[in-house]
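Both complexes shown next keep subunit A, but they swap its partner, so subunit B is in the first and subunit C is in the second.
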Partner chain A sequence: MNHMNLMLIINLFNKLKKYLLSKSKKKFFNFVALVILISLSLKFFNWIFFNLNWRVVTSNLNLYAFGSFPSNEQWRPTLWFASLFSITLATIYGPKWNWLRKNLFFGWIGTVPLGIYLLKGGFGLAPVMSRNWGGLTLTIFITSSSIFFSLPIGIILALCRRSSLFLIQKLSSFYIDVMRAVPLIAVLFFGQLLIPLFLPFGVEIDRVWRAILAFTLFVSAYIAEDIRGGLQSIPKNQIEAANSLGLNTFQINLFILIPQSLRIALPALTNQLIGLFQNTSLMSILGLMELLGVSRSILANPEFIGQYIEVYIWLASVYWILCTIMAFVSKKLEQTMTTNKGY
Partner chain B sequence: MNRNQKIVFQIVLVLILFGLGAIFVNNLIINLIRTGIGFKFNWLIKPASFSLAEPPLPYSPSDSYAWALLMGWINSLKVIFSSLLLATFIGTLIGFLRVGKNSIFSMISAAYITVIRQTPLLIQLMCWYFVGFLSIKNNLFFNIRNIFNISNKGIEILGLHLSSEFSALLFGLSVFSSAFIAEVIRGGIKSVPIGQWEAYRSLGISEKQGFVKIIIPQALPAFVPGLTSQYLNLAKNSTLAIAVGYSDIYAINDTIINQTGRAVECFIILLFSFLILNLLITKIMGIINKSIMRSRI
Partner chain C sequence: MNPILIVKSLTKSYSKSILALDKVSFKVNQGKVLVVMGPSGSGKSTLIRTINGLETFDEGEINVLGIKVSSDSDERKIQKIRRRVGMVFQQFNLFPHLTILENITLAPIQVQKRCKNEAEEYGMYLLSQMGIESHAKKYPSQLSGGEQQRVAIARSLALKPELLLFDEPTSALDPERINEVLDAMRRLADQGMTMIVVTHEIKFAKEVSDQVLFMDSGKVVEISSPDIFFSKASNERSRKFLNQIDKSKSIK
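Showing the complex of A and B:
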């Protein structure tokens, strides 16, 4: 009996030892990994800040921001940036007044016409040709106008795809599926080279607007699918309830289905927006002077030749910061849009 | 709307669409005649008279345009399928580390995912090509007894030579897609109910075995749709090859357009190429999905 007890205690002791050792081993490895990680990142930052020559960025900040926008008119894109920035701040940190919350959405929509007016000029401002637009201004302009046009088109396509009318449903399905099968660069290429062929002789759309048109055609198909997902997740009894209240199909769509599906699809729509923002860089292949296009022309300058690392790190961080801000704003919007907190 | 109204409405809508289409096509025909290009496909059998950096099959500039397009097709398939495999491997690894218990690795993979996802693919590709491969000095970066070496001419493994363009595209696409695949993997594993984890732990099955034999088989069906869409994205993203000078289907179409000016025909070819490719990937993933579903009870 005594012997058995002893065995049990020894066994227990062994198990405990094994357990403790394995735990400390794990901790030790974690510690070593952490030390290696920290020393590596210190080395990396040291290299970034002291070994690289950042003059290629600092002396060209103006070009990165505005491209070849006339220098005495550069307050206009700056003003536009400021308005975008302030509405972002209002969305994230603004007071929770009801009227502000309700009108924020229209404020966001209003930034696009404001941008067009400020960049293009006219009505009291000196007109600036679109070939002088460039840099971050052009990137953000293409992104915001494309999303501005493709959101309503995407909503219509999504509703059409769920429509009970056979031909309409088939046509919109066909459009969405084909657009989603084609690579973006082919659509952009279509926009730059083929759209002029489809226009009557003498009619011309300039390059920036052709790019926006191509992006709109492409993104609206993706947005349609995201919104369709939102529409599908709305319970059927909502429609029945609306029907029993005597709303017609148009009213049901406008007041019941679309707002709810937009709210549900918001994370997916944000991903589309971030994707679109990143993909505007493809226009540099087709010769627009947006952020990457400007950088390529700076890299071709003999003074800065071969300084790829600095420029790419700089560009990547600009894109990263802006994308992160977008994701953050969308998270905030999602929280504020969840209106029915109490039942 | 009653039935007749519906039919009339649809017919009117289709007529309007056809009318618009007819106007556009009419403009197109007028423009093609005006510029003297016309619309025909017989140029496909004429000699291409441009050279390719790395044709997968014997090719010379005197071969026809159709043959050059086929080379582009094979090049595209080559890079798509190899980066598909590599991306799945890296993505699965990162995804597992992300859901794993080790907080340091989880943190590293989270950082990896956010950095890769929030920067444009084009910049990453250019970074791989111009910074990664072309800036290697002394022509040699890494060498293990001639079995595996990396230089500014590309990668060589056991006599298999991968050009620097192909390697840059391969790594760029794989790394970019792997971040998205990691999220798919994470979502799939999270979709397995927590009760399953508790159940195998309470049965005394080891962590490793439980993960491989209990959790993964249940997460597989959740992987497939996400992976399919990521693979389709990867195939579409492979057209960015033109930025690093790899001659894939899009780059060859671009060259042909620059040479012959036949933008409309080339665009149609490109469109059909990608519709076929999409169909191919969707079909293969459908078969995989079916086999996974069948292997479950």
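Showing the complex of A and C:
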């Protein structure tokens, strides 16, 4: 009986499918779908551009970009953005010269010390306190510095985890496992509240650097696992070949294993970068004025009270655009790194 | 004639019952070519890999270029040997992320601390010897198997080794690519390079080798000159092996 019912339903379903998918009907349904889509999107854009009041964003653009960075020094983060933007362009559209390809990676690394110098000042620039850093500047600064520090630490952790020395291997495994078992927000609270207690008397790390330290501790464990995956996929005969050439373990790691594993781990590393970029918004809970923190303080302003929708649509778009750019750059980097290498 | 390599009753076992090498002893003099033959699983590769320390062994002694190695020798001694002994693998094992020239100059620059220009100049010379200097800027995956293997030979020559080990250098190649690699090896032998070659290429063994070592299940069955080995092998087991190879050749 049950079986009969099932057959009946299948039969009915097939007939319905045939009816719906006949050619003229297909065109008709396509047309209907198109009309619905257009009218919906018209309504949406109408709502976005005419019903919402974007003054809350437009009058605060400066705050979104630089936070409370002193206005006569704002050329410094602007210059940093410009350098980031130009190296992004060079990565995506740059000519395929060999020397450029090889140095792009170092160019990307160099943007971080440049950012630290430009934001912090000193050596000829007026110093700016880190509590004045904010907005997009701070978001990008925390992201890039954390990646800058956690990448080498991650590589070292991954190598240690594969080490033949018992203690080193166990310690690194322990660190990675603990960090992966703790929620990020707990690590961030730890960074903000507990690190000052552990520091010797008289030593102080300000809030931004404590945040970067916490992110670095957390992300390096994940990066270590990504790189370990890359290391494991390198065939053993590569090590044998390097051994037979008389290279020692350090040289094999530096010249053979790390470059190949970085290339293999690049998609996973991009994933970490994008995740980290979005996770910096957690710092708004801990009182840093990055993108989300700026938004919260703007919403607390009596002038703009209740304009949540505009602020959060704007915020989502900014995150979306920047993440898309990062993913695109990484894809390009992947291509330039693989061209002709066939792996 | 001073011996470059003396192997004395070398023994290695992977598990308790199976001996990979069973009291293997032989000698190789300077400028001579030793060809190692035998059925698969007979311990040829294991033997050649113990010589530069890619495999450990349990008993016996190896004397390479005057450096004595026993089963408990440390890494440093093996490093010393590896700097003076080149090795070519069945699967080429080039570094895919480095160009051909970088593959060749990596060890001279990092291990021998030679300056970059000098290493590159010598690398280009070696590539031209192998007839592939036009590929210097390419990556390994852009080359054919035969070309890759010639790069691998050039790479092993870059350290100016006194002994070259070949572990089935032509087994992974297309039949029509085998000769270009064998020709390169032949030229090396003519230049007086001391070589140990594991191979199934009978023609190469007949023409180039000074001695043939035949192995079966970890034991040396016989060592003789190629004339004697290929015409009137003294041992039953080696005659059987040669017959098998002849048959498979005639089928082709």
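As a convention for this text, the second predicted complex is superposed on the first by the 302 of 343 C-alpha atoms of A that agree within 3 Å, B and C clash if a C-alpha of one lies under 4 Å from a C-alpha of the other, contacts with A are read in each partner's own complex, and residues count from 1 in each chain.
Definition applied: a residue touches a chain if its C-beta (ideal position, glycine included) is under 8 Å from a C-beta of that chain, and two chains touch if they have at least 3 such contacts.
Model, not experiment: these values are computed from the prediction.
Annotation: superposed three-chain arrangement on subunit A; subunit B versus subunit C shows no clash, the two fitting side by side. Judged by the touch definition given at the top, the superposed model places A:Ile285 against subunit B, while subunit C stays out of reach. After overlaying the two complexes on the shared chain, residue contacts for A:Asn301 are found with neither subunit B nor subunit C. Legend: residue contacts after superposition of the two complexes on their common chain; A:Ser86 is shown touching neither subunit B nor subunit C. In the superposed pair of complexes, A:Ile256 makes contact with subunit C only, with no contact to subunit B.
Residue contacts after overlaying the shared chain place A:Asn46 against neither subunit B nor subunit C. With both complexes superposed, B is the one of subunit B and subunit C in contact with more subunit A residues.
Within the superposed three-chain model, A:Ile185 lies in touch with subunit B and out of touch with subunit C [touch as defined at top]. After superposing the two complexes on their shared chain, the closest approach between C-alpha atoms of subunit B and subunit C is 6 Å. Comparing the two interfaces of subunit A, the one with subunit B and the one with subunit C have no residue in common. By the touch rule above, subunit C contacts subunit A in their complex via residues 52-54, 79, 82-83, 85-87, 89, 91, 93-97, 106-107, 110-111, 138-142, 155-156, 159. Taken together, the subunit B residues at the contact with subunit A in this complex read 6, 9-10, 13-14, 17, 24, 27-28, 30-32, 34, 102-105, 108, 114-115, 117-124, 126-127, 130-131, 135, 232, 236-240, 242-243, 250, 254, 257, 263-264, 267, 270-271, 274-275, 278.
Within the complex formed with subunit B, the residues of subunit A that make contact are 30, 33-34, 37, 165-168, 171, 178, 181-186, 189-190, 193-194, 196-201, 274, 278-279, 281-282, 284-285, 292, 306, 308-309, 312, 315-316, 319-320, 323-324, 327. Those residues of subunit A that touch subunit C in the shared complex are 237-238, 240-248, 251, 255-256, 259-260, 263, 340-343.
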